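The same subunit A turns up in both complexes below, where it pairs with subunit B and then with subunit C.
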Partner chain A sequence: MAANQRTLVTGVIGSDTHIVGNRILSMALEKSGYKVVSLGALTPAGDFVKAAIETAADAILVSSLYGQGELDCRGFRDLCVEAGLDHILLYVGGNLIVGKHPWPAVEKIFLDMGFDRAAPPGTRVETVIEWLHEDFATRDRDLRRALD
Partner chain B sequence: MSAALLIDFGSTYTKLRAVDLAERRVLGSGQGPSTVATDIMIGMQAALADLERRLGGLPAFRYRLASSSAAGGLRMVTVGLVRELTAEAARRAALGAGAKLVGTFAYRLTASDINAIHELAPDILLLAGGTDGGNSEVVIANARRLGATGLACPVVYAGNRAAAEDACAALAGKTVIVAGNVMPEFNVLDIEPARAAIRQVFIDRIVRAKGIDRAQSAFDAVLMPTPAAVMEGARLLADGIGGRGGLGPLVVVDPGGATTDVHSVADGAPAANVVAVGLPEPRIKRTVEGDLGMRHNAATIADVAGLERLAGETGLSAGRATALLDSVARDVGWLPRTAEEIAFEQALACAAVKHAVARHCGTIETVHTVHGPVTVQHGKDLSHVNAVIGTGGAIVASPNPGGILAMTLADPLEPLSLRPAAPRLLLDRHYLLYACGLLNTVDPQAALELALAHLEPIAGENTHERTRRA
Partner chain C sequence: MNAPAAPDAATRLPLSEAPIPDEVFQNMRRANLARWPTGAEVDIDAAVERHKALPRHKQLAWVMREADRQRRCLTQPRGGCGTFNMHRDLMVTLDREGLADVVPTTTDSYTRNEQWQLAQHGIEESEKAGRSLLNGYPMVNYGVAKASQLVDAIDKPAIMLTGTAMPMLTGEIGYAGGYSGYLGSGIAYTTSYIKELTIEEGIRNYQYLDRLAALYQARGVELHRRQPGFLTGTNVPPSIAIVTCVLDCLLAAAQGVRNYGLEMGETLHLIQDAAAVAACRELCQDYLAKKGHRDVFTPVTLLHWMGAWPHDDAQSAAMIAYGGTLAAIAGANSVTTKSTHEAYGIPTPQANAEGLRMTRTAIYLARNIRLDGLPEYEREKALIGREVRPIVDKVLEMGDGDVAVGTVRAFEAGVLDVPWSPNRGVASRVLPARDADGYLRIVDPGRMPFPGDVMAVHEERLRKRAERENIPYGPDLAVSSVYEMSEPIAKLMSDRWAV
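Moving on to the complex of A and B:
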């Protein structure tokens, strides 16, 4: 394990069994150099947080496909703050809400919940890798600035 | 004749078993008080004299091996990070090493936690936290806090490997043994290295610290805490040697004066279409129920089982049951004599065994997901074990040990509990499990055959249970 390797926790939240996209994503992230702690399908919100604590994860990537994402993800950021993970990077993606809603409205719901990024249906893994790259770079820059 | 002497320095008695290795038979047994508060050798000599009297002379022993739970047993405190993860893994490692867990802590140790640990005065502290390369902050902070106290006991460090050096530095001045992480990867349990480290500390230091080494002229080695010896015996009986000649998956239940211990040697994997959740289960698992002890904790057995029920099963009035309970709890040496007392003792043992085994075994529940019900399993599925072995005075002295062991069985009225469905019921009448666990270290073949030859099959006399199932 490289000393400065970033750790990501992934999983499918709630009673959701759609594992395919999450698995593809996890494998791609591992291949691009991340340490991935993959919790799989049917993962309660609290388990993401517990795993992130023990593994000192840098980001949590939550998948929700079955349309109940809004319910399952409510309070997710608060759980993290409660556990001392105030600044952990949080992404959510999949098929977040039932029915046809304009994406900006859906995105706003999840950003308001405290997620740093929300991915619309069909988001490609390459995009996710780019986001992580950008967001970690920004964090490093902010950290250096704070230290100077 | 090639003979071995197996010694158990117990909390109250020092017990001896002399066995003939070639003939695979028990030559005899002896017993004396455990005089650890004064000089353990006094009780040891009494036990040897007792054995000599029964045998009409002592043979030359090829091996003299001991286990100990004297002087309070191996008192341990465990510290981890997340309660359900590394803190739980640490707890299981300590129990698996045969320790008596006196305190378990999680997350950052507070000032009051530190005080509590100090007052508990453990023999060993197990410090875990973080997966390898994971969280190091908390385990290092906890090491610092512990390092700043006058805590004198050795510390076994079994946390994040990447934090080991800093943690050791923070614990400078204390004896620290670094073992492999109890949870090297998220949700991967690896308790064997910590268990081995704890056992080594026990042999190297605790035996002397407890004054058991004063009897060292009478033994070759004190190898492990007694619960670990029982566990080793159980493992040998289940697995045999090189995977052959054993009984297969099994459960051992041992109702003692202070606690009821349950050991299982079985993978406990879920049935087809059932999904296991939670931390992976160790194949060799020990649980200790501190509220189910036949003497010190008889009152809490009554709390758990219901005094009315205990009284009812025994045909006693509630007042009489309360009075009996009082005398049992007050006097560790209490022995039932009258028919009424014997019946009450039986009811207590049944309740302790029933609840301890039910807690040890896993459960299933149905979770309703959008696309229908899913069966999930918590803990180990022990419904298919081949044998349940009863050991300990309360079962051995019972006029109806089968009635007690029948309490371990699955009940059609509680289908969610994964207890043994149709095991053989066996009685360790000669209290040989610990002896075979010790003997296993020098002569496994003799140990296995000795145990197999002396376990007594008993009928699970519990007719209404049988008919209900039929």
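Moving on to the complex of A and C:
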């Protein structure tokens, strides 16, 4: 499947208003051929899932800059599974927990929550686009294998 | 969710800048204080006595006036923790180790959005984890007595930093506990910190807070109110900040506020920042006088860089020290500080205190240096005036002289606009970018009616940068300006010669 047929849901989770990076990311993803459903700032977890169902999205990209992402993202994968989105690709990125901590520890918290990728602060859009490319390619391969 | 703050639509007055009448305000206060159990702890008589008993060096209104008289540039950090004990320790560290002139309490983002049940959960989780999972102090959940203990734990004035368009309960509780300052305003925070709330509701919410400050004023207690003109903190040009400073200031003065600070994010260009501070002070006083307010004190605060920060501690340290230098030379009454942890999120109390001492040292070194008379400074200051006046005048005209009405109509029309706003009621078409010399300019004015000759100056400066860096003239300039300050210094200023 070509990249331009993929739909991505983006937004800033919880009570967080930091919209700038998320808006630039959404603009760049659109430019590189994705259909982007951009939910903007202050988006409850449930709204991401609802939008993903309504638009049959392939991935959800969650931003959090204010430190409370750790509280807001708990149970996010479960919400997706409950809604029937068992295999949807989940990314999270930003300043994800309160304070300055070594990145591997932070990454682990979010991968354990069921996110497929976690992006540290300062991650550039090019990196995210590469990740999406790789992850969708892997999924396509797995899917073909399952069908064979 | 909590009970909605919206009063009965049938009994509520039409939007205007006029002061809220006594009886209406009494009813509003009663309904507001009933929204969470700690609201019942607010007793205005006890609160007035509490403020009168504070030594004056712990009263922010007096401290700001005194700083202005002595031409001092005060320091104030941000900071808030999710539990009372952690937060008290933070305030004490900022006071003693950081030598902060003003000690802050930043509220957490659940409190900012009036989600007090979520905040309660955050307190419990933080206590369980032994570290703060909230990004600030849940002022409402802890209530008046605890707020009072926090004020008692320090020997400086305490200010609430609340990043919210819904200040009514937080403000009541903090002021009642002896906090003497509150940062927030209807236009600035509604355009910058919330997605769904209308500009009208944000203005109404802050008219309540300003009216509350006026109630204390009438009882002999001057409280400090402050406007966050830094807005979205993302390359906001001084003129756009100052337009909101003027309008919010007029709204506050109309409710009876007499001690109203104005904040702007640093552009990090020394001359532009100095020009901005002077222009802000003059333009606010000018419009206050036009509306008949002759006794409103309006000190100006600059804030350390509000955009994305570098991940290199050395680079960050330079921006902190330079930010102190800028504020001192600009003649700001105070500077709001950051730390070398900024790129990573919320700093430890120690890193926060270091940011304060770095800034303080820079202020000491730059004391009594001024740029008055320097041609480039005078030109820039005049340019800011030529940008601000046409917008403010248009807003007043659109409201038939009423600031509140004019503001709402102007946002609908895009005459008022804020770059990178999360609010659905803001066009957010205006796009700023940094020019070749490091000034913040406007690459696309959206529908803001800046005069043609002014926009020509902006375009000429920005085209120079586009040419030099080979970026197409347009929105790409704005995007690259968002990241510029967070880039590694080796990229911004290479140590290699181009061959």
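Going forward, the second predicted complex is superposed on the first by the 144 of 148 C-alpha atoms of A that agree within 3 Å, B and C clash if a C-alpha of one lies under 4 Å from a C-alpha of the other, contacts with A are read in each partner's own complex, and residues count from 1 in each chain.
Following the convention adopted for this analysis, a residue touches a chain if its C-beta (ideal position, glycine included) is under 8 Å from a C-beta of that chain, and two chains touch if they have at least 3 such contacts.
Model, not experiment: these values are computed from the prediction.
Using the superposition on subunit A, decide if subunit B and subunit C clash or fit.
When both complexes are placed onto subunit A, subunit B and subunit C end up clashing with one another.
Quick one: is A:V20 in contact with subunit B, with subunit C, with both, or with neither? Answer first, second, both or neither.
second
Please work out whether A:A51 is in contact with subunit B alone, subunit C alone, both, or neither, and reply first, second, both or neither.
After superposing on A, A:A51 lies in contact with subunit B but is clear of subunit C.
Which of the two partners, first being subunit B and second being subunit C, lies in contact with A:E30: first, second, both, or neither?
Neither partner.
Regarding the shared-chain residue A:E70, is it in contact with subunit B (first), subunit C (second), both, or neither?
second
See if subunit A has more residues touched by subunit B or by subunit C, and give me that chain.
C
Please indicate which partner A:Q5 is in contact with in the superposed arrangement: first for subunit B, second for subunit C, both, or neither.
The first partner, subunit B, only.
Per the contact definition in the header, classify A:L42: touching subunit B only (first), subunit C only (second), both, or neither.
both
Now for A:G122: first (subunit B), second (subunit C), both, or neither, which partner does it touch?
Only subunit C is touched by A:G122; subunit B is not.
Let me test your reading of the model: by the given contact rule, A:D135 touches which partner, first (subunit B), second (subunit C), both or neither?
neither
Kindly point out the stretch of subunit B, out of 369-377, 387-395 or 441-449, that overlaps with subunit C after superposition on chain A.
Once both complexes are placed on chain A, subunit B clashes with subunit C in 369-377.
Overlap of the subunit B and subunit C footprints on subunit A, residue-wise?
On subunit A, the overlap between the subunit B and subunit C contacts is residues 15-17, 42, 66, 68.
Can you name the residues of subunit A that touch subunit B in the complex?
1, 5, 7, 15-17, 35, 37, 42, 50-51, 53-57, 66, 68
Spell out the residues on subunit A that touch subunit C in their complex, using ranges where they run on.
Against subunit C, subunit A makes touches at 12, 14-17, 19-21, 23-24, 27, 40-42, 66-68, 70-71, 95, 97-101, 121-122.
Residues of subunit B touching subunit A in their complex?
81-82, 84-86, 129-137, 183, 185-187, 275, 367-371, 374
Mind pulling up the subunit C residues that touch subunit A in the complex?
82, 108-110, 112-113, 115, 118, 121-122, 125, 131-135, 163, 192-196, 232, 234, 308, 311, 341, 343-348, 351, 420-422, 424, 479, 482, 486
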